[in-house]
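Chain lettering (A, B, C, D and E) follows the sequence in which the chains are written, and residue indices restart at 1 in each chain.
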Amino acid sequence: MFSNRMNVLYLLAAVFLAVLPFVYDSRSMLILLSQVFIFAVLAMSYDILLGYTGIVSFGHAMFFGIGAYTVGIFMKRFEPETSYFLLAVLVTILLTAVVSYFVGLLTLRLKSHFYAMLTLAFAGLFLVLAEKWRTVTYGNDGFTFRVPDFLKDRTDFYLICLGSMVVVFILLKRFTNSPLGKVLLAIRENEQRTESLGYSVLQYKVIASVVSGVIAGIAGILYAVSLRFVNTSVFTMDITLDALLMTIIGGVGTLVGAIIGAGIIEFSHHWLTALAKVHWIFERWIIFFGIIYILAVMFFPMGIVGSLKKLKFSRKKKEPASVNSDAVSQGKS
Amino acid sequence: MSTLLKLDQIQTFIGQYHILQGVSFEVPKGEVTVLLGRNGAGKTTTLRTIMGLNPAAKGSVLFKGEEIKSLPTYTIANKGIGYVPEDQGIFADLTVEENIKVAVKKENDETRQRLEWILDLFPDLKKFWNKPGGLLSGGQKQMLSIARAYVNNNELLLIDEPSKGLAPIVVEKVMESIQQMKEKTTIILVEQNFMMASTIGDSFYIIDDGRTVTNGSMNVLREDEEMRRKYLGIA
Amino acid sequence: MDVLINLSLNGLATGMLIFLLAAGLTLIFGLMDVLNFAHGGLFAWGAYSGVWIYTSTGSFFAGIIGAILTGMVLGIVTERWIIKPVYGNHVQQILITLGLMLVLSEMLKVIWGPNQISAATPDYLSGSWEFGGIIIIKYRMFIIAVGFVVFLAVQYLLKRTKIGLVVRAGVMNKEMVQSLGINIQKVFMFVFMIGAGMAALGGMLLGPYSGVIYADMGMEFAILAFIVVVIGGMGSFTGSVMAAILVGLSGSFMAYYVPDLALAANMLLMAVVLIFRPQGLFGAKG
Amino acid sequence: GSGTEKSGGTEGKEGKDEPKNTEPIKIGVLASQTGGLEAYGKQTLRGFELGLEYATGGTNEVAGRKIEFIVEDTETKPEVAVQKATKLLEEDKVDFLVGSSSSGDTLAVLPLAEEYEKIMIVEPAVADSITGSEFNEYIFRTARNSSQDAVAGAAAIAKKGVKIATLAPDYSFGRDGVSAFKEAAEKLGAEIIHEEYADPAATDFTSNIQKIMDQKPDYLFVVWAGANSPWNQIADMKVQEKGIKISTGAPDIAALSTMEPLIGMEGFTVYYHDLPQNDINKWLVDEHKKRFNGELPDLFTPGGMTAAMAIVEALKKTDGDADSKKLIKTMEGMSFDTPKGKMTFREEDHQALQSLYAIKLEKKDGVNYPVPVLIRELSPEETAPPVRN
Amino acid sequence: MTAILETKDLSITFGGHTAVDSVSISVPPNHFKSIIGPNGAGKTTFFNLLSGQLIPTEGQVFFKGNEITRLSPTKRTRAGIGRSFQITNVFPNLTVMENVRLAVQSHEGVRYQMLKHFRSYNQFEKQAEEWLKLVLLDDRKDALARNLAHGEKRKLEIAMLLALNTEVLLLDEPTAGMSLEEVPAILDVIRKIKQRGDRTIVLIEHKMDMIMDLSDTIMVLFNGALLADGTPEEIMKNETVQSAYLGGLHSEHAAKA
């Protein structure tokens, strides 16, 4: 269809972002953008669950937190060197894969809300673990740590985040466009029928949850490195909700939506708090933040990308091809 | 004989699709009017338009002379129109009893009598009175859907393919029941089972591509092989 | 023995309090299947308006009534403007109700300021009786009683009228319910209003329990309410009471006997229940 | 471009070369202006502004350099705190950081102070690790830490032979607080017979209280923070009637109003407006009332003021030179005036040693909350916490 | 020759109600068997037992001589038992093409390929198109399945089953709700498959003329139990079948045929 034109657009955007730090020198903008990229990775990983497999998880922070703590603990306990960092990445991938595999097996048999709440419970248990295992985690106050040299420079780190986001985007795009990805869509639509077409639903869901979990773990690593600090907040519901909101605002089942959603939330946050200093009306800027969510649903019911896509389709053709985001919205979640 | 319902040049859109592009027909009181047509012709959409579920954009729907085109569905239903949808519309988690209870508008002797009558017709329903509707067999769901529309004293019933999935003997029973009801109730029937349609129908309309293309008395259709072949593809 | 009785009584009372917090959500989430993340906002509003009315009029009863009315009004407004467009769509519900939640709890700070506010019990409900080692806290008995009354009233509403059935049917197939001549929108609005009113009542009664109300109390307790609705079994009112009491008792006993796990009590309970009964305690098999 | 990272350093050198630098001094203040700790943030900010004014005699100038400050909201989220701190350091090029309301936010910002080589005055975050395991030389804390609280708490009640049970929320703040308290109390000869930790989010604390009652201690020492508090239930369970005395730190005024059931309790506090008897505090109370329609300075208001006064004092000593190395040298061991009397930055861990107050909660006419009444002032030496970095 | 599909004393009870009661049948390969019986007789339930949606309370199911009683639906489909559903059961928000392609993909065994782009499997699309043509639905291939009219959904249902290309096809009332005009076309499809002679078909239907026309044998379920099993002629002669299932009108009808 128009995927070639889209690819060119994506490429342009990526190139633009890559040269940005060399032409526009604002480090706090770099930090903000790095933050956007990190959360975009997290939101994309969430989109694999929500948008492509049709499952709502309230426990996504679990994997994010595992990544953040792993790198934090490695850097604190051992030396902040590249080798240990890579080891931490490896361990994160392993841990998130194993945890998401077992949690997936245990939980994915459950229906919608029950699944969501069980994941919430597991994430909650990880939170308690981080709280209680104080010799390693220093409790909820958390701890700071040093990072290897190659991660120190903010510009380099910015590029690393951008790179990670691009790589994750490409990988997930391929993943969702693979034959397996199509089966995930089928599961989202009708589990039972997928089963009687000869696909083993649980296996697919577990695969989706492992892929999503590992990538969330990566996001967690980047997040912790960006702060050089980690505390129990990485395991809280807030993180999961952020991922959820970003995915939904951008448009579920689109991947780009997750990136755009991350951008919108981080930037509107940034601007609203800046406005708070300009005018007293914005002192309670959180109200306006809430209003943005509400308006987003009213004007972009399928998320920004989803709604734009739909608009485009209906102008172009009489018969719409599948508009993914709308699909999930039909209620199974 | 007076006209109970009159559709005039109905045009209905679903989303941006122009589904009905001119449906007109009249339903005389006390008769069974049958809508025929191939799959996707627009029969179901016509019934849904009458119920206000897919409101018409143009044209008029007159029920007892009153325009009901832009009324909300529940108001239309409360004017005395019952609906048996093609997908049966069973509330899967509610028991058979609860399915019927939701439908009952007034709990009085008359309703109880009607209920008794319909349960005698479909004893299976009585047998599975406390079973969730979703667990019934295909045919039993169809029976429940019909029963649910029968319990209220409706002046007009819209029935979308009632014979679908029913055993031949039950089809007969349904036909019988419709015959009996004709005295009190007017019926619009969408039916693919020609044997049934031709037996109980009084007049027919054929819908094609969202338009009423021809109509007449059922007797004519029964005799006119040419017409059957042309519009229905059967001899 | 005294200890056991104390733990049980207090667990039961806490359970009933949790039930009051969750009762509204049982209707809104359990029955109407609306993922209402703004529920916490509703009961925080109930708490603030109720406590405010109580302190300005001096009548606890007026405070309760005021809280319920505030909740109901908010419920109607919320249903009409926020929820109505997103019935049946969980994804949109999450986003829009989270937005509303932010608005609701920030508005509290605009009106009543960011500080916590103390919420006292009226004199006739404060203090406790002691029999041997058994301590009976008056306010807790009051909570148990109110919880019981609310349970019976809602149970009556659901069992004796068609409303429960109609709502369940409406969630499954809205068009069909309307085709049967029922104005489902009005029914939904009514049920939502009742649910919001109960949430506000729960919030109001929570205040004196811990002695303080604060704007962020909403989200904290909303999660607890969700837990109760889910482990009770979606849409089962009896299930909610049982689950709430279970949460109350397990919290009480775990804090006493296995304090190391007390932090994880609710999550453990939920995990255990859902792993062994995936449809919740009183849920129909899915 | 590339020089930004070291710009702080160069600027400092320039400052040394030129005889009179008239560039303004910039201070970045991090505080929670939204979120759960909003109230604390507001107190710090008010105090800080008043402090600058007081310390500079209303000129907002020190050694010929104007002082400007920029406030940023951390929202009590570490990632926001880091973002905002970086913005302050990078874009506003501040010379000092002050803040923040939450220990988590503060911890997350500590490495930035080191990276950018800027002094950070920690106020009012309380975690021991800030001046303990996570310490770096750019960190100075005007706030008291958990251990100081604990030492004060112990000083208020611990004596030879006294049996004490503790109740605290089950997270860092509570655990740190109790372990410091235990150390201090045992040093004074008391015996800790039971430590109870409760889920801070719980609605019901009666099980924990029951357990404490089973132990029959002389005192129950409570370490608590946060809105959800156990006071009501302690009263309902008739703990005091059973001969168990309650002791805890008195919080800010809003929270005091929930402590009605604890009237008569003996404990300690960081600040209450009529406790310190000195001119600075008198000025603070008067000005605060004047400016904020009659409101009294609260728990962390003097802290904000202290942070400002410490900075001004240090700059006076360096004659307006904001070079960090020089400042560190100046500030280590520096004593300075505050609304709470003299404070001293301890050389080893840069923790300000300060007075705390042993108090008793009393009902006073015309005040609708229990009022902390002074029993005795605990001197800075008495409350000095152990060095842990 | 041994039976391809066989059941032994197959029973299932739902809370006291025995929906399938000790049914033993044996279907030889490439045979065409129809199942008739009143509503609620247990036909669909019997299918569910064959395809693995339900696990029997008693008895066994054999496929090519191997017991499959407890195998999951997924595994049975892969082994070669495909089915269509009585209540239409498609992927509502995917296009008609995507619906069928999923079945083709499963048949081709491309299940866990996650690195290649799905477009590198162009042949799937072509095959899917063939199947859609066969059921007269190719003109709707880009429509979302949920926007199809009822009859069209039935056709899609059949196309998906055909695309699975299994040895055994279980068809549950494939033509219910299909228009008069189109029933013959679908009949034709089924007939063609039968004529290829390498497929075993089990069909549930209430349309007697169709049953008579296609079946090698017919089995009759009644209150869950096997009432009769034999050639069409034998069945039509069975009086119980006449009175309890076909009713008056139909006996005339049958007599005519």
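As a convention for this text, contacts are C-beta pairs under 8 Å (C-beta built on N, C-alpha and C of every residue); 3 or more make two chains touch, one makes a residue touch a chain.
On a predicted model such as this, the values are computed, not experimentally measured, just so you know.
Colleague: Taking mean CA positions as centres, which chain lies farthest from chain B?
Modeller: The chain lying farthest from chain B is D.
Colleague: Determine which of the two chain pairs, C-D or A-D, is joined by the larger number of C-beta pairs in contact.
Modeller: Pair with more contacting C-beta pairs, C-D versus A-D: C-D.
Colleague: By mean C-alpha position, what chain is farthest away from chain E?
Modeller: Result for max centroid distance from chain E is chain D.
Colleague: Can you compute the centre-to-centre distance for chain C and chain E, using the mean CA position of each chain? Integer Å is fine.
Modeller: 49
Colleague: When the C-alpha atoms of chain B and chain E are each averaged to a single point, how far apart are the two points in Å?
Modeller: The computed centroid separation for chain B versus chain E comes out at 28 Å.
Colleague: Provide the C-alpha centroid distance between chain A and chain C, rounded to the nearest whole angstrom.
Modeller: Each chain reduced to its C-alpha mean, chain A and chain C end up 31 Å apart.
Colleague: Two or more other chains touching the same residue: where does that happen in chain E?
Modeller: none
Colleague: Can you pull out the residues of chain B that are in contact with at least two other chains?
Modeller: 17
Colleague: Quick check on chain A: which residues sit in contact with 2+ other chains?
Modeller: Answer for chain A, listing residues that touch two or more other chains: 131, 284, 286, 330.
Colleague: Which bits of chain A are touching chain C when the two form their complex?
Modeller: 50, 56, 106, 109-114, 117-118, 120-122, 124-125, 128, 131-132, 237, 241, 244-245, 248-249, 252, 284, 286-287, 289-294, 296-298, 301, 328-331, 333
Colleague: Tell me, which parts of chain C touch chain D in their complex?
Modeller: Those in contact with chain D are residues 3, 6-7, 10-11, 13-14, 17-18, 109, 114-118, 120-121, 127-128, 130, 135, 137, 139, 206, 208-214, 216-217, 220-221, 248, 251-253, 255-256, 259, 262-263, 265.
Colleague: What does chain D use to touch chain C in their complex?
Modeller: Residues in contact with chain C: 35-36, 38-39, 42, 170, 196-199, 201-208, 210-211, 214, 227-233, 236-238, 254-255, 257-258, 260-261, 369.
Colleague: Over in the complex, which chain A residues touch chain E? Could you list them?
Modeller: 174-175, 177-183, 185-186, 189-190, 192-201, 207, 317, 319-324, 326-327, 330
Colleague: Per the contact definition, I'd like the list of chain D residues that touch chain A in the complex.
Modeller: 1, 4, 33-34, 71, 73, 75, 77-79, 82-83, 86-87, 90-91, 103-104, 107-108, 110-111, 127, 129, 133-134, 170-173, 175-176
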